[in-house]
Each structure stands twice: as C-alpha cells, then as structure tokens.
Amino acid sequence: MGEGPSPDPVRLTMEIAMTDTDHTPKFVPGTRLSGIIRLLVRWKGSIFKLIGLDVVIWLLFFYTFSCIYRFLLDDDQRTLFEKAVLYCRDFNSNIPLTFVLGFYVTTVINRWWGLWNTLPWPDDVIHYLTTYLNGQDERSKLMRRTILRYVNLGTICCMRYFSSRVKKRFPSMRSLVEAGLMEESERRMMEVMGGDSSDSLRSMFWIPHTWATRIAHQAREENRIQSDLGLRGIVDAVTAVRRTCAMCQHVEFIEVPVVYSQVVTIATYSFYCALVLGSQSIDGDDSDKDDINAYAPITSVFLLVLYVGWLKVAESLIDPYGEDDADFELNWLFDRHIKVTHVLGEGMNTSFKEYTWKD
Amino acid sequence: MGEGPSPDPVRLTMEIAMTDTDHTPKFVPGTRLSGIIRLLVRWKGSIFKLIGLDVVIWLLFFYTFSCIYRFLLDDDQRTLFEKAVLYCRDFNSNIPLTFVLGFYVTTVINRWWGLWNTLPWPDDVIHYLTTYLNGQDERSKLMRRTILRYVNLGTICCMRYFSSRVKKRFPSMRSLVEAGLMEESERRMMEVMGGDSSDSLRSMFWIPHTWATRIAHQAREENRIQSDLGLRGIVDAVTAVRRTCAMCQHVEFIEVPVVYSQVVTIATYSFYCALVLGSQSIDGDDSDKDDINAYAPITSVFLLVLYVGWLKVAESLIDPYGEDDADFELNWLFDRHIKVTHVLGEGMNTSFKEYTWKD
Amino acid sequence: MGEGPSPDPVRLTMEIAMTDTDHTPKFVPGTRLSGIIRLLVRWKGSIFKLIGLDVVIWLLFFYTFSCIYRFLLDDDQRTLFEKAVLYCRDFNSNIPLTFVLGFYVTTVINRWWGLWNTLPWPDDVIHYLTTYLNGQDERSKLMRRTILRYVNLGTICCMRYFSSRVKKRFPSMRSLVEAGLMEESERRMMEVMGGDSSDSLRSMFWIPHTWATRIAHQAREENRIQSDLGLRGIVDAVTAVRRTCAMCQHVEFIEVPVVYSQVVTIATYSFYCALVLGSQSIDGDDSDKDDINAYAPITSVFLLVLYVGWLKVAESLIDPYGEDDADFELNWLFDRHIKVTHVLGEGMNTSFKEYTWKD
Amino acid sequence: MGEGPSPDPVRLTMEIAMTDTDHTPKFVPGTRLSGIIRLLVRWKGSIFKLIGLDVVIWLLFFYTFSCIYRFLLDDDQRTLFEKAVLYCRDFNSNIPLTFVLGFYVTTVINRWWGLWNTLPWPDDVIHYLTTYLNGQDERSKLMRRTILRYVNLGTICCMRYFSSRVKKRFPSMRSLVEAGLMEESERRMMEVMGGDSSDSLRSMFWIPHTWATRIAHQAREENRIQSDLGLRGIVDAVTAVRRTCAMCQHVEFIEVPVVYSQVVTIATYSFYCALVLGSQSIDGDDSDKDDINAYAPITSVFLLVLYVGWLKVAESLIDPYGEDDADFELNWLFDRHIKVTHVLGEGMNTSFKEYTWKD
Amino acid sequence: MGEGPSPDPVRLTMEIAMTDTDHTPKFVPGTRLSGIIRLLVRWKGSIFKLIGLDVVIWLLFFYTFSCIYRFLLDDDQRTLFEKAVLYCRDFNSNIPLTFVLGFYVTTVINRWWGLWNTLPWPDDVIHYLTTYLNGQDERSKLMRRTILRYVNLGTICCMRYFSSRVKKRFPSMRSLVEAGLMEESERRMMEVMGGDSSDSLRSMFWIPHTWATRIAHQAREENRIQSDLGLRGIVDAVTAVRRTCAMCQHVEFIEVPVVYSQVVTIATYSFYCALVLGSQSIDGDDSDKDDINAYAPITSVFLLVLYVGWLKVAESLIDPYGEDDADFELNWLFDRHIKVTHVLGEGMNTSFKEYTWKD
C-alpha cells in the first residue's frame, strides 16, 4: 500500500469552503405568528422561487388576451373569443385535479423519505473501528485510515453515476486521484477489474468496499483486532454502507411510473393554459365579481399558485439526487464524511491518550 | 465437484450484449422547464405508448357516431340517438371514478415498491466471501466460484417460474446447463430430489442455495474460513437471498384482489364507452361550447387521457415480473449478477495481490 | 424418541393430491388488451362470483316493484309510491359512500398484506439444519427429521385454532397422530402439559417448537453441530417460526374494529335497498333517460356493481384464514412444508453425497 | 434469593377464572350472507352499543322540537323556528365532515395497530431459557422460574402506570406481593432504588428485568448455560421485552394531537346538534319527501349513524390501554403469560424427560 | 480519567424539579361522555389555546367591517362593498382546502411519529452494562458510571444543535461542565478534535460515544467483561444510540418541503381573510339565514375553527424539537436519562447484593 494518500486536511477544508456555502440549517416553523411569517418569507425552495416565473408568464398571457379582446377584436371575433372562454371554463371545471394531485404528491413524498433513509453513512464503520482496531502504532493508524478512505471512495464511486452534483465535482476517476481520495495504482486496479465500459464500473462501485474488508481481515490476522466479533462488526458495517449505496443506485429502476408523472403534469399544465382564457371577463358575465377579475384575476392566480405549487412539491422531490433546492446535498455530505473520517482515523486516537481514562 | 462449469466470460458478454440493450438509465425530471419537456417527450412507458391506441380507437368511434347522427339518421332515429346521448352523460356523471382510481392506484404502487425491495441480490454473499474465504489457491477459488454460481442458479431457478422474461430466456433446465450456469450432473440431481412434477421443483428452487452453504461449511472444516462467524456470515447471506427469492415467488398469493381490479377496470372502460356517445353534440345543447366539441372533443379526450392513463399506471405495475416497460428487468439483473460474481470470484483476488496493502 | 413417525411420502402425496387441486397459479394482467380481457373473464374470486347473486336478487326486486307500480296500483297508491321513490333518491344522494368505502377498503387491504407477511415458513430452519447438522449417519438424520417434524407440528397446532380450513382437515389432535405428524406419546405429553382446556392448548401450541430446540441442543452436545453459532442459528430460526405463529394467532385481537365494519356494511346495503325504489321510473321524471332506465336500469346496476363490489373486496380479505377465494390456502402451504421438509430432512443429504463437491 | 415466591398455580387459575371471562374469540365475517348477518348482530364493540344512546337522545330532542313546532308555537315563533331550521341545514351542508373523519380515523387506526405490535411478550425468553438453561436440578429450575417471574413482574410494573385495567387489578406494589409475583424483600428493594416518588418508579419499571439478566449471567458462570451465545440470546430476549414495555409507556408522549381530536369531535357533534333542527319538516318544504321525514327522520338517523359511528371507531381505538371493548385485554394477557411461564418454567422440563428423544 | 465528575444526585434532583414541572401524564379519551367532555376542556395543546387568538382577531375584523357597512358607507360605497363580499364568497368556494389540508396533515403526522421513533434512549446500554460489566469493585463502578455519562453527554451534545429547549438549558459546552456531565479536560479535548467551528462540533457530537466504547473495550481487556459477546452487546447498544442521535440531527435535511407548507399556509390564511368579507350579510341575501349570520357568524366561525385548527395540527407537529405543547419534551427526557443512569450505574449494584439471588 505504500503510504496511502492521506486526504490532506488543508486541501479538504478549502474544498469544504467551496461547497458547503449553501448549507445553512433550515428554519422550521412552529405555531406562532412569527413562525408563520418566517415560513412565508423563506426563499430557498420556496413557492416564490419555484413558481414565480410560471405566474409572471401566465399574467403576461392573461393581459395580452385581455387587451386583444377589449381593443382589437370586432364583434364576430368577440363572439368567437367568448365561446373559447366559455369552453375553457367548462374544461377546467371538469378536471378532477385536486385528487390526482393529492394522491400523486403523497406518493412522491413517501418515496423521497424512503430514499433519504437509504443514504450511506460511514459513521458505524468509524465507531467499530475506533473500538476494535484501536492500536496507536503507525501500522494500525494506517489501516484505520485506509479502511475509512476506501469506504468513502466506494460511496463516491457509486454516487458519481446518478447524482449530477457529485458528477460535476468528480467528473472522472482521475479527479478522485487528484482529490487525494484514491491512489493512481488503485485507479488502474479498478479499471482492470471493472473492464473498460462505464456501465461495468457502475455495477462494481463497491470494489473499494471489498478492499476495506480485506484490510480488516488482515488486521484480525495480525491480532490488531482482538476478537472475531470485532472483525465481524467492522465487516457488517462496511457491508451495510455498500448495501445502502446499492439501494441508492437502484433508484432509477423504481422511479415513479412515467405515465403517472405525465398524466399529472399534462393535467396541471392544461389547467394552467385553459385558465388564461377561462379567467377573462366577457360580456354576459355576472358583472359584480367581474370588475375585479377583469383587472386583477386574484382568484385565478390563487388557484394557479395552489395547483402548480402542489405539482412543484412533487417535481422538486422526484429526483432527490438532482440539483433542486430540496434535493439531497450529497457534496456537503461527502465533505462531512471525509472530514469526520480524517479526524477520527488520525487525530483522535493520538490525542485521546492524554485525557482519557487509561492513565 | 470435478471442475464446475465456470460461466465463460466471453459467452456471457455476448449474452449481455443481446439482453441489456434496453437498459439505459431513465431520465428523471426536476423542476426546470427543460425537465418538464423531457418528461413529456419520453416514449418508453409513456402515456403516448400506453394509451395512444385507446385514444385512436375512441376517436374512430366518436367520429363514426358523429357522422351517422348528422348524415344518416331520420328524425325519429335522431330523437332516439339523443336520448342515448343524454343517458350516457347521466351515466358518466354518476360514476365516482376519481376516488376509486385514486385509492386503487395508491394500493398498487405501494405493492410494487414493496415487491422491488424483495428482489434478491447476491452482493452480500460476495462481500462476505471475499472477506472470509480469501485464499488464493485453486481450491479456494473453486469454492468461491461454485458458491456464487449456486447462488445465482438458485435465484434463476426461482424466477423462471413466474417471470415470463426469464422463462423466455431459460425455457428449460437444460438451457441453464447450456448457459454454463449448471452442470449436467447437478441438473439430474435436482430432478431426482425435486421429483418429476414442475410444481415440486417450483417449491424446491433453493436446492442450489443449500449446496452453496454446504460448500461453505466444508471450507470452514478445511479452515479456509478461519472463524465460525465468517461461516455464519456467508450462510446468513445465502439464506437472505433464498428468503427474498421465496418472497418473490409468493407474490402470486398476495396479488391485488381480483375483484378490486375488475371493479376498477369495468368502471373505467364503461366510462370510456359511455363517453363515445356522451360527447356527441346534439340539438338542444348549449351551442356555445358545442361548436368546438362537435368537431374536436378536446375535453373528452382529455378526460380519457386522465382516467385511462391513471388506470394504466396500475396496469403496468400490477405484475412487476411481466414484460411491460415499467416491469423489473430481471434478465438485465441476472447478467449483472453473473458478471459481477465472475469478476469477484475469479479475477479480483488474483490481481488484487499486486496492488494492495498486503505487500 | 423411539423412531419418530416419519411422515410417509406416499400417504403425503395422496393427501396433497386431495388438497392442492385448487392451487393453480393465478393470472395477473398486464397492460395489453388480452390481459384486460383475461382479467375480466376470471371466475375465481371474481366480481361475477362474489356479487352475481346480489345483482340477481336486486333485479328481481326491481322488476317486481316496477310491475306493481305499472299494473297493480291505483292512483292514490301510485302517488304514495312516487313519494317513496323520491325519498329513496334523496336518501341515496346523501350517503357519502365513496369515501367511507375508500378509506375502509384501504385499511383492510393494508391489514391483509401485513397478515400475509406473518405467515410462518420453515424454510430457514431447513437451511440452517442442512448446513450445520449435516451428518449422514442414522442418528443425525433422525434428529433433522424430528426437528422439522416438530416445527411443522407446532405450526399446525397453532393454525388449527383459527383457520377453519385447517380445522376441517385436522379436527382433533388425534387426527394429527393419524396423519403421521405426531406420535401418540407426544399427543399425551401435550395434553399433560397444556391442561385439559382447549384454551390452554391454544396458548401452548409452541410446545413442539420447544422440543425442536431441545433436540438441537442435544445435537450440539454430541458435537453433531460443530459450533455454537450453528446451534444458535437453528434456535433463532425455530424461534422466528414460533413468533410468526403467535402473531397469526393474535390476529383475533386486532381485527378491524367491529363498529367500522358495521357502519360500512350498513351504509352499503342501505344504499342497495334504497336503490331498488330509487331506480324506478315514475311519472314526472325527465322522460328522455327514463325510457331506458325503466326497462333496463343499467346505471343503477352499474353503481351496484361498483359499491357492492368494493365492499366485497373488504369482506373477502377481512378474515384471511377463512375459506374465501382470496384467503390464504393454508392447507396447501402445510402440504408444501411437509413435502419440502421430508425431501430435505431425508432424501437430499444421502443422494447429495454422490454428486457434490465433497468427492 | 431464598426460595422465591412461585406463582401458585391454583391461585392463578382462580384469578384467571375471574378475569378471562370476557375473552371469547371474536367472530370475523366472510363474504357469505350468514357472515354479514352475524357481523350485524354482534353486540360487543358494536355500533348499537356504542351509539345507541346517542341516537335515542337525538330522537328525543327531534320529536320534542317537532311537537313544539307543530302544537305550541304561534305564527311569529314558527317563522323564527323555520329560520333556525334553514340556518341549521345551511350549516350542515357546509361542514366537510366526510374527509376530516376519513383522514382522522385512518390516522388513529394506523396508530392502534402500531401500538399492538409493541405489546411485550415473554415467549422468546421462555424459548431461549428452555433451550439453553435446561438443567433438571432444583437450582436450574429455580433460576428458570425466577427469571420468568422477573420478566412478568417488570412487565406488570410497567403496565400499572398507564392501563386502568391493570391498575384496578394491582392497585399497589403490595398487591403484587400478595399475588405471588413478587417477594416482600424485592418490593422493598425496588422502593429503595426507585426512590419514593411514583414518577420515579414509573421510569424504573425495568429493575426486575435487570435482575433477570443478572441471574442469567450467574447461570452462565456456573456453567448451567453452556455457551456465551446462549446467555446473549436470553439477555437479548429480556432486553426486547423491556424495550417494548418502554415503548408502551411512551405512548402518552405520542398521543394523537389534542387539537386534531378536538377539531374532529367538535365538528361531528356540531353536526349532530344542528341536525336536530335541520331535520325538522317545515312549511315550504317540498311536501313529497316531507311526509316521511316529519314522522320518521330515516335519512337523518342514518347520517347520524354513519358520522357518529365513524367517530366512535376513532374514540374506541384512541386509548388502547383503556377499558373499551376494542382495547387490549391486558389482564388476560398477563394471566396467559403467568400460566405459560409457570408451565414451562416448572412442569415441562420434568415431564418432558419421560417422553422425549433423549432416552 | 481521574475520578470523573459523578453527576451529583442532589443537584440533579433540583434541576429536575426545575424542568419537569410541565410533565403530567396526558389524558386520553375513551368512548364515554365524560371522556369526550374531558377531551374538550383540555387546555394544553388544545384548539382553544392554539386558535383562540385567530378567532378573536377574525371577529374583530368581522364586526368592524360589519359596522362600517351598516353605518358609515353611502350607497355607492355599499355597492362596492357588496361586490367585494360577493367576490370573496366566490373566492372561498373555489379553494379546495379540505383535500389540500387532509393530505398535508396526514403527511406531517406520519413524519412526526417517525421522528419520535428515532429519539435516542440509553436504556439498552444500561441493560447490557448491568449484565456484563457487573463487578462491584470501585473500578468497575467507575467504568459503568463513566460509560453511561458519556452516552448521555453525546446525546445532549447532539440535541443542543437543533432543539431550542435543550439549547436554552445548556447554552454552551461550558454549561455542560457546570452541570457535572462533563469534565473540563473532556471539554478541551472535544474542542481540539472538533476544531473551532461550531459546525464541526455539530458533526462530531458522538465523540463521547466513541470514548464510551473505548472504555468498554478496556474493561474487556481487564476481563471485567467476561465474553466477547458481552462487549459487542455494549458496543452495539452505544452505536444504536449514536445512530438515532444522528437521525435526529438529519431531520433538518428532510423537513416537509417548504413549498408544500407555504402552499397550504397561504391557502388557509387566504380563506381566513376572504371569510371576513364573505361572511358579511348584505342586501340582496336570502334574509332567512341572514338574520343570524349578521350578528353572530356561527357557521363562519365554525369553518374557521375547522380549517385553521386542522392547519394548527400540522404546525404544532412540524418541528417536534421546538417549544410547542405537542413537541417532544427533551429536557424531561434528559433528566430521566441522567437519573436512571445514576441509579443504575451507582446505586443498584451495591444494594442489589443484599437482596438478590446470589446470597
């Protein structure tokens, strides 16, 4: 193994500085008025950010059609226009949008939470390592550090294939070497074993995880891990990381059925379009409410916000590995994993000696 | 064991080339406009593919009836026709289709995700094998390879009985021998034990899994696996594969109740049929919206897309082992399992020696 | 133990022949037209079988009332009749049947799937037995066979108390002795321990499971099981079978609340009754749709099929241990368990020797 | 330990006779007519028992108001009355009761089933004890018996604090001593450790569980349990019992939110009250249906049964440890646990020797 | 370790006295009338507390507008006012509030219960410690006490970062030292390892958990824990505590999507505002029901209570670590943990000797 590329804490800190800027704890509201106000003025992932553009475009169309109807059309054309308006109103009143959206959004949210629970965390590995492979000599440290590096490496190898954020940060295997997460020889090794196709490597992301357990086994043979149960604990923890990685990867197989997403999207945007005409005030309408709606279609905008906003809930959650505001911040997670494993693989055990119970 | 039929990588690669063509990562949309457009133009498993024909047939009937009404019928017949149209409209307004479909589709989707989570994966077996049975001599390699082959064999034996895709690929036990997954003697052995009836073999698909654990036990006796916990880890992993196989097989017992599917299907297609007549414009209708609907029944087509599309969500998910676009691609999975187990059972351990930590 | 009653394969095969006739793999539809048609023509557990009689009775009443109204009543009576009809229509339009049924059926289906997952399977026991207690001498075989027999015996003892199908097949403990699943001495033993009341025995169904683990412990002491982990694996598997048996037995405690079932049933059948009158065509109705409904109440029959069919979904699933088509086929399962355990406890290990890897 | 108070079987049987009278297996209906009828005539936990009184009171008020309106009021008062009636009708038509109830009841039922699954069962402890601590000498028997007694004792100590049924049966710690479940010295011991406040003891219910594992550890040291895995199995089983006890206890923290229950209750009973007036037939009503409703408000009573019955589903399930018919019969469970543990801790092992396999 | 700061029971008791005052067992209603009444008069977390202010404010606005309309406006202004009223009525009738709220509240409740189940409890650690590390000498006691202190310390370090209640009680690391939960040297140690940024420490809350397992390992080496399985049991229990802590911490990542909360909040409060005008009685209304509504808008207030109350269910559950009445009482939990661990780490084992079985 030579020395193994120790992930340089300085470089890492810089990288963290570059990536975790967009991670500030999110505010969660309570029942107080201040909470409600703070909820409404949030920008990130908010309704204003997500559907602001939709509303503006809708208003543009609405006023354009409104002006055309009022100032440009002759009587025959006005009659035709009015027919279209009535038709659109009838159309919108026939779409059972509420229920379709309600069932669909519930389905998507349940899936999103399920996916979160399958994200891999190396913390259990760390825990068993510091307990059972706790020597303070150089070789023990190297083993600890290498096992943790392999665990993180395998996780990143897996994520690269389906998270666009991770892909951007580590566009190639070589970039992993540059980041100090992998040795050049290990990169060659993975290519030899995984074959040349990227699809192959995709299925074999867990080769580093296998390396990690091999080193643990070696440590057991050298009696640096003193019991079989200790080794098994570490192996089980690494296996669990691999398993959750695999489950993340399989998400593409169990996406929300395309036809479901299409039906809901088409229904919502048809409603959106039909509402442009359907909201126009035309001659023959009950004039009382018309005065307001003609110049400021509040009810329509409100319905728009409600339905399109509801759809956006689903859209922003449907691909949790993407780059939306509600998506998982995988790069932040990796930085955390690397930093944590570095501290515990290296720093902790040496300095722990001074303070702890042993003396 | 003699030598054991090593699954020939070349032959396997060819087979993979033949089968995994239809596996390209699916696109999942985000909140951006481009995402929405790309969602709508997807073909595979899409609404256009699934209900295109339904819509075309519906339109054919619609225009046929429309022409008959306008050009062929005399006054008495027209009156009768109009009665039928009114009747159909009344009929459709009475069916609470939205809720029946909403509850039904939610039930089917939950079941589908549950089933996905019971698919068997050999990865844990590989992981424990490379950790605990890690000798580099020929006999150790043979043991590893054979255990993994048996695990895959048992899985395929199980799947053959309920997945039409797998059945097509491996129509008989003999075809398994030809694919290099099984020795002729093993095939005879299974027949002796399982009895002559296919129903018997169906219940006994896990005989190869039992063989796998027997070999692992033997390896422990020869001290190739150095701890009881190592053996138990491997046995547990094989048992877990067997258990998930069995759960897949039992799916037929817990299908969505027939009567539920029938009620929903009958309701939806009755709506479909009644809509052909109910959408006709007849004398006495409010003429404003009629002009459009008479020639282009947009609202009706839209309702059709919505309801039939929703039903198709359920239909395409209700038998996940079938050949629909949304069904599990079991053959692709098998190829992946075979390739992965081959690489790790064989290749990895030899070449790993050069690079890794041991030196 | 003497010899232990080996479940005679010949007798068993005959019994299987008698009981598993009604187990043919169920067909599950896809998105194709053929699939839909095949779904609709299924008989077993189908809507036609379940609500056919309800519809026929309804039609009888409908036409009887229709004739009475048309031919027998004088004017005063007709007025009264018409009032009743209007009243029934008003009644039916006030019942929110759709939602009550939707929520209720979802609840029942979730429970039904939950119950399926608690059915006991002896397969894990077999797996650990063939791995760890794998001697080929007579005593080892006897031990294997006896453990498996006890596991099945305990399961059947449990099921007898709540499944009417199993109760019919094994009406008394003595019938278990006759079927070769139990020795006479064991029967007496259970009576001594369980006490004379059947309620006592009910709680003690798992006495044979305890015997099974005792034998396993004995095998460990004689070193036929070579590691503590092997023994623990077998004990855990038997315990898991016992636990799932107990969960099945406790189902009666957690039935769907009576009041819920009653509310839904009363609501549905009130609707059913009120519809008989409410569907009558009376003077003063809009004559257009009346002509059809008077002679063929299609819409009403359809609503009937929908609502009563939906209720039948719940009724057929609410007691999964009963004798409905959708209920669990416990006898088939027992035959499978017995056959499988026989083959593996006895046959496999002897003949395996010839083929397998050991030589 | 001295001798330990062996739960006297005679006394126990008497107590069981006193408490389990209300446990007869509940009937669960199938799809047959007889099943439906038997469902409807059930009394315990039935709609008739739960809402009979509500309906009678409602009818009293209804007829009282009806008589007042018809016979006592002058014209001005009648006009006022009619206004109130119209107001109530308008009120009731504005409450979206169906959905609020549907969502609420589903939430409550899910919680109720979740709670059932956290009830503690000592069966696993028994199973591991009879397997691993299987000596037939007096000291082994005493150990078995004491461990099981402690397990039951800890469970009852826990349940006493939140189940009114258990509290009634064991009003004080001293009553536990009298029932033979606890020695006087143990009671003093618990008081010393738990402190004087009952809140303290409440958090420390599992002290007896700790004692149980200590005895198991002692048995391991005396080699009465022959393997570490055996000890661990027993300890894990006891820990699992303690954990489920704790989860039961924490139920009060995770009750259904008060505000939710209040909203639903207020909504339902407002509907109930408004219906008294809203169902009155007044001058100006459509006289056709009025004739029936004036004297027999069938539709209203029916709606009452539906909505109030639905609410009762939730009310009867919301506190599963209470004394409603649908609540868990904890005393019956304890009797069963005590009886079962007595038989197995004592009787089984001695008599088992005569019959079983060992000879 | 020196001596380790033993959490002083006296000081602790005082602290408990200060914090657990607001923990009285909550009342849960049954089906009896008394239960319903007691449910309705509950104050804590009740509808009256949560939405009382909302209703009062609404009534203020309502009567203000009502007076303005009746006494201040001239005819033109009245016409304008009436238009606004009609507009608001139309607006409110168009919002599908019921379903949006129903789906949203169900989602939030499910998440809340999920979060409860991830709260960390040290009880399993205690259980394994008293079983396996059961020496009565000073060093064993110190080890037990220190392990438990570290477990609690790690949990509190975790909770401080997201629970405002815990943050208030322990505003800095130094306050932990003052409370006797931490030694000064340990505080320095954590700062050295975690780095200076609070974000770093946030990710490293489980450093004390690592210390705990290290001490357990040491105890195994000194043979105070006599089996590998005993050590593994303790390590697994500590790891489980750490894992649940981490899951609590990650809650901020998986909050309910902002856009969902915003859509629902905006919808509900728009309804609230529009109802102020929409409930006004204006000329031209049906005068019958108007008389009541003009002076006492009962129906409107009722709808308000229903919808805003439903929303409050979600608001009070959405951040379970906050300070609402329905939020988790983490400080009470910590006090319980500390007290319990103190009693068992210290008191129990000494006094247990007098009574228990060993003598």
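A, B, C, D and E are the chain letters, set down in written order, and residue numbers restart from 1 in every chain.
The rule is simple: contacts are C-beta pairs under 8 Å (C-beta built on N, C-alpha and C of every residue); 3 or more make two chains touch, one makes a residue touch a chain.
Please read all numbers here as calculations on a predicted model, not as lab measurements.
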Which contact partners do subunit A and subunit D have in common? E
Contacts common to subunit A and subunit E (chain labels): none
Between subunit C and subunit D, what's the gap in Å when you average each chain's C-alpha atoms? 26
The distance between the C-alpha centres of subunit C and subunit E, rounded to whole Å, is 42
Junction residues of subunit D, two or more chains touched: 50, 99, 102, 106, 228-229, 312, 316
Ring order from subunit D through subunit E is D, E, A, B, C
Which of the residues in subunit C end up touching subunit B in this complex? 25-26, 28-31, 35-36, 39-40, 42, 44-47, 50, 98-99, 102, 105-106, 109, 112-113, 116, 121, 123-124, 126-128, 130-132, 134, 226-230, 233, 288-289, 291-293, 298-299, 302-303, 305-306, 309-310, 312-313, 316-317, 325-326, 328-329, 336, 339-340, 343-344, 347-348, 351-352, 355-359
Quick one: in the complex, what on subunit D touches subunit E? 1, 4, 50, 82-84, 86-87, 90-91, 94-96, 99-100, 102-103, 106-107, 111, 114, 143, 146, 162, 185-186, 188-189, 192-195, 200, 203-204, 206-207, 209-211, 213-218, 221, 228-229, 231-232, 235-236, 238-239, 242-243, 246, 250, 252-255, 257-263, 265-267, 269-270, 312, 315-316, 318-319, 322-324
